[in-house]
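A short worksheet on the structure shown next.
As written, the chains take the letters A, B, C and D, and residue 1 is the first residue of each chain.
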């Protein structure tokens, strides 16, 4: 139990914060209901994938500045392929785009390993490359998405044997998120590969000496990041029905949520749950700010202050804990 | 004896740019043998171990395993070939718990547990994160992890250097049994007691070259030293310090007076004085509170009770700068804790000069150069690779950490195991230096894990056990058996058998019943 | 007094034009006297982020939403949900594909066409033009590109000497202009997508010949058109006050006065300093006291009722 | 083999070693290669005026990259420089309308000092990761600037003549901005190499625990560092507004990522402890020339960006290859 608390204390705290925020939301807007929760889940979707993509590489001791550009590229690719195509064609587009994300992510990793240029620089360069590629695919927002894909994240899931009142609180978007992340994360976490990711993030030298194939693991980390970013790109196309070549604000948001979620930027520590909860917290804060009709210029100040305050608070606790 | 060697390396060379770490090293190990690898600092021992286990590639050389040429490119490949190292630095992943570390290397858990118990660590929780485990225990876990997969050749790089006597002994017992069971062990150590108690043969390296292979027989030490040092022969055995060498009688007011010092649960009620012109030794087994004592005196941690007086005035340190201002400098045992590895020798030595806000301005380069050079000369630091401290060998790095405080002219130096992993020649230099400092009226507090050092250097010895100060010996009475007993918390005068180190002639050994 | 809550969604922050738009919305809401509260979601984000904002506004139960769309098609789902929830949706500045939404928009294609046509006339129907676009991949930029290409097609002897994307960034545009000048490539006119005053600055600073320049009605550029000697140029209006018009339209619909068409296009005007008529318009519009990034056309006669003080104060109801 | 005591080192190796010991030379060669390519693509472009313009635009980038160099030496990064520069530029341009220039200057530098102080305390005392800390303060700063902007809409803006002269003026073919930059750069280089503060930046980035044991108070170093970085960014903002002459709320934001790239291309390690300012200056020049090069090329914007990314990657990789050959 003490092991659990020591390791998961931060995530538990975040969960508590999320619940407090939900209560606050209900107080601000008593009519806040299941539909609104569905909206939250849909808003979270692209951020959550971006953050998951970032989390994997950060745990492995790296950083990926190309996450948002990768999302833009995969999103425009999917949207332009589905433009005017049949519904069934999308069944091919989805795996194609995911494979593309995986391959481009692996290219990121390969370049880092081969050129020995620091990851932050390689992914910064790739940010420009991917952005350029996105502009070549679509020079202005456009394209289309298959109807079934769009339907995949709107509405709720009818769960057998559960009353409607509960059903309506299970938006499809949330389920899609959970399923996609679990399919990737749980087997990873349990495998030797997952351990290797943590190992190279914690100490590359020690990992190498423990027989971990450091280079290969690093490439896989970036490939997984690319894959998750491709999920994020698809999520963008699914929710907007188009692809936009200019990346959204997902890069900085992903780094912020990773840190808020208790994943150390040095690598080797943390998990996926924390950052995902952090995304919910950040999105719900935005909802509350809108519901409260706060001056929009002040919201930037508030969001920045929350980020700094929470991280400072975390740093403060660890300092206290160390003494 | 015509058994074919288990491992046979010849002509191994390794260059780091212009510096040749290894030129022409060879090493041949027979089955069932504990083989010592010896050499002065910078001779290339660690480099050879790393090459043999695939951690770094060699520039030249041929490695045969059981007579077959093998090209070992990674630690994983070495592991498959039956070669398992325990490197000088712990190689457990700091942020993973022990169990995950085992899973990562595919180590079976039960044998590991058995070995851990065997090696004298009773209460290990496999869910503890490696980062939270003390260094000495980590090294033992590293060894247990290697033993658990039953390697053909075990390579131990200064395995015992950071270990307290009780753990070191268990390790030696286990290693000897490895040899008896037909496997081979390559054992690196700078401690002759261990070598003579344990090893069958020794390969001696000098300047990256194998200069001799000798059988370990009584009295071979002189020969090894000769081989190791070549032209640079140093008298190894400094006689125990005579009473005449002792500094003038201590003045009425001590330099540092510690009263009832308490640090959490680790250290309680410790009181002692340190006089000017005195070297006071500290002896303790691993984790008895000596780390906390030094950290508290150095201002690294805040004591939870008791007082520290410097020159009669009570002080409260909240940062090492406070201790430094009071003239107290701390040389940690772990070099990587004290050095900016990518910076030059000069910048490392000059570091304390820039510490205070008012010294952030332009540096008087000429003055600094003179000060640094004189410190380098005084400690005879090999400055061939002085552009980056990380390119110096371990011993020379250690000297840099001390040189810093010589240059800064600190009045009191707290040395925590400064001779850890250092060759005999350098050790002598450090002993001499500490005595010189005392002679100049400085005071030194000197923790050592090698009991034989005590009589060579100290005026008095403080023994700590279980966080308490159990005894203060005058140097004349501080022979190894007496210290060992005290370190185990046994009252002075009591007799007890405490293992092979207390009786280095005892070669016959009864294997314990449980072998995992 | 007021009876409505209006939600506003905008996805570009820190740009003079968009800031004026938001201030016009606030001023109009205040001047109308019909609005109790404005609920403004104003940040830098993409279509997916705007969907989130729109849904948050639906949660906040506003009566109408005025939106400057990040993309015409990308927020269709959100606007549809809003209409279903009984909320009046008005899109300003750009069109949207959601059929239930009302649109009051600056005609971006016409904006580019008008300016380019005038420029090519000034160039005598032939020569080389330096084509300084906005941000690559933005929908307003691609609309304007259509208008520019249309004018280009009508003047087959005009060639594009160089096409660059300024990203609607002043510093980037200036550096590109100076680099272009340094290449020594001959050119006879410059078309800008609204990053204009730095271009004139660059020409003046490097003592390059002043060719005709087309820009937008930003305060800085409008001032230059009357003050810089030898500069021939035209400002095409692209009023940020369209935001105020959007609020007016929303209020009219809430009050039951639906417009005849779903889409109201506000066509741009062109003020050049080559004709006396244009000069007079420029003189009337010039306003050196305004922040130079602000468009000078701070009101749209039939659509906005606030005073200049009100829009400059930038205060909404209840502030 | 004893007869050939001195084996001749092949020329290639010697050249490589020579360059590895003087890492600035390969960087300068890269810069020259880019300029030559430019000259080939557009003969005649490399003239006095072009050089002056390139230097003018490289200077603000180089100063901001100096902020990154110094923070990166300690293992940090300062993402708030763009916001800080924008804030001081915007405040200067709007305050000078009604205030004495000296007062306006002080007002303009105030947020810079404040943000630097907050960054320093967050990183140095609370140990927040610099990336997050500076990102947070930059968000807060942007918000404050927007609130401020609303209060000065009506006051208009003015670029002080002195700043315009400094930013855009050219005397005898030399940009006036050099008058500010040369002493500033000399000061930074001197600080890093020959002062206690500079030594501490390297040492702290290399091994913080070691500096602590040597009596260095981390928070002091870090706070002084981030304040210095912010003040430099503020000065850059003033210079930049003199150059661009159009205050906007996102004026210097586009310089942030290039400033990081310039420092990295210039050979400063983002992990701390290694690097220097001279390389950074060349890095900034390389990026500026590269931007021009890509503007000149007639190709779709997408292809241009791809090329930019690839060249940055290639330059950094090639440079590392050369320097690591020791």
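For the reader, a short list of remarks on this structure follows.
Please note the rule applied: contacts are C-beta pairs under 8 Å (C-beta built on N, C-alpha and C of every residue); 3 or more make two chains touch, one makes a residue touch a chain.
For clarity, every value in this text was computed on a predicted model and none was experimentally measured.
Relative to the C-alpha centre of chain C, the farthest chain centre belongs to B.
Of the two interfaces, A-B and A-C, the higher number of touching C-beta pairs belongs to A-C. Averaged C-alpha coordinates give centres for chain A and chain B that are 46 Å from one another. With each centre defined as the average position of its C-alpha atoms, the distance from chain C to chain D rounds to 34 Å.
Chain centres here are Cα averages; for chain B and chain D they lie 44 Å apart. Residue positions of chain B with contacts to 2 or more other chains are absent.
Looking at chain D, one finds that residues 142, 146, 150, 301-302 touch two or more other chains.
Residue positions 134-135, 139, 245, 295, 297, 299-300 of chain A each touch two or more of the other chains. Listed by chain label, the pairs that touch are A-B, A-C, A-D, B-D, C-D. Against chain A, in their complex, chain D makes its touches with residues 122, 126-129, 131-133, 135-144, 146-147, 150, 257, 260-261, 264, 269-271, 300-310, 312-313, 316-317, 320, 324.
Those residues of chain B that touch chain D in the shared complex are 17, 298, 300, 319-321, 324-325, 330, 332, 336-343, 347-348, 350-357, 359-363, 365, 404.
For chain D in complex with chain C, the residues that touch the partner chain are 42, 44-45, 47, 49-50, 53, 57, 142, 145-146, 149-150, 152-157, 168, 240, 243-252, 254-255, 291-292, 295-296, 298, 301-302. Of all the residues in chain C, the ones that touch chain D in their complex are 13-16, 19, 23, 136, 162-165, 167, 169-172, 174-176, 178-185, 197-198, 201, 205-206, 220, 288-294, 312, 314. Interface of chain A with chain B (complex): residues 3, 192, 195-196, 198-199, 201-203, 205-213, 268-269.
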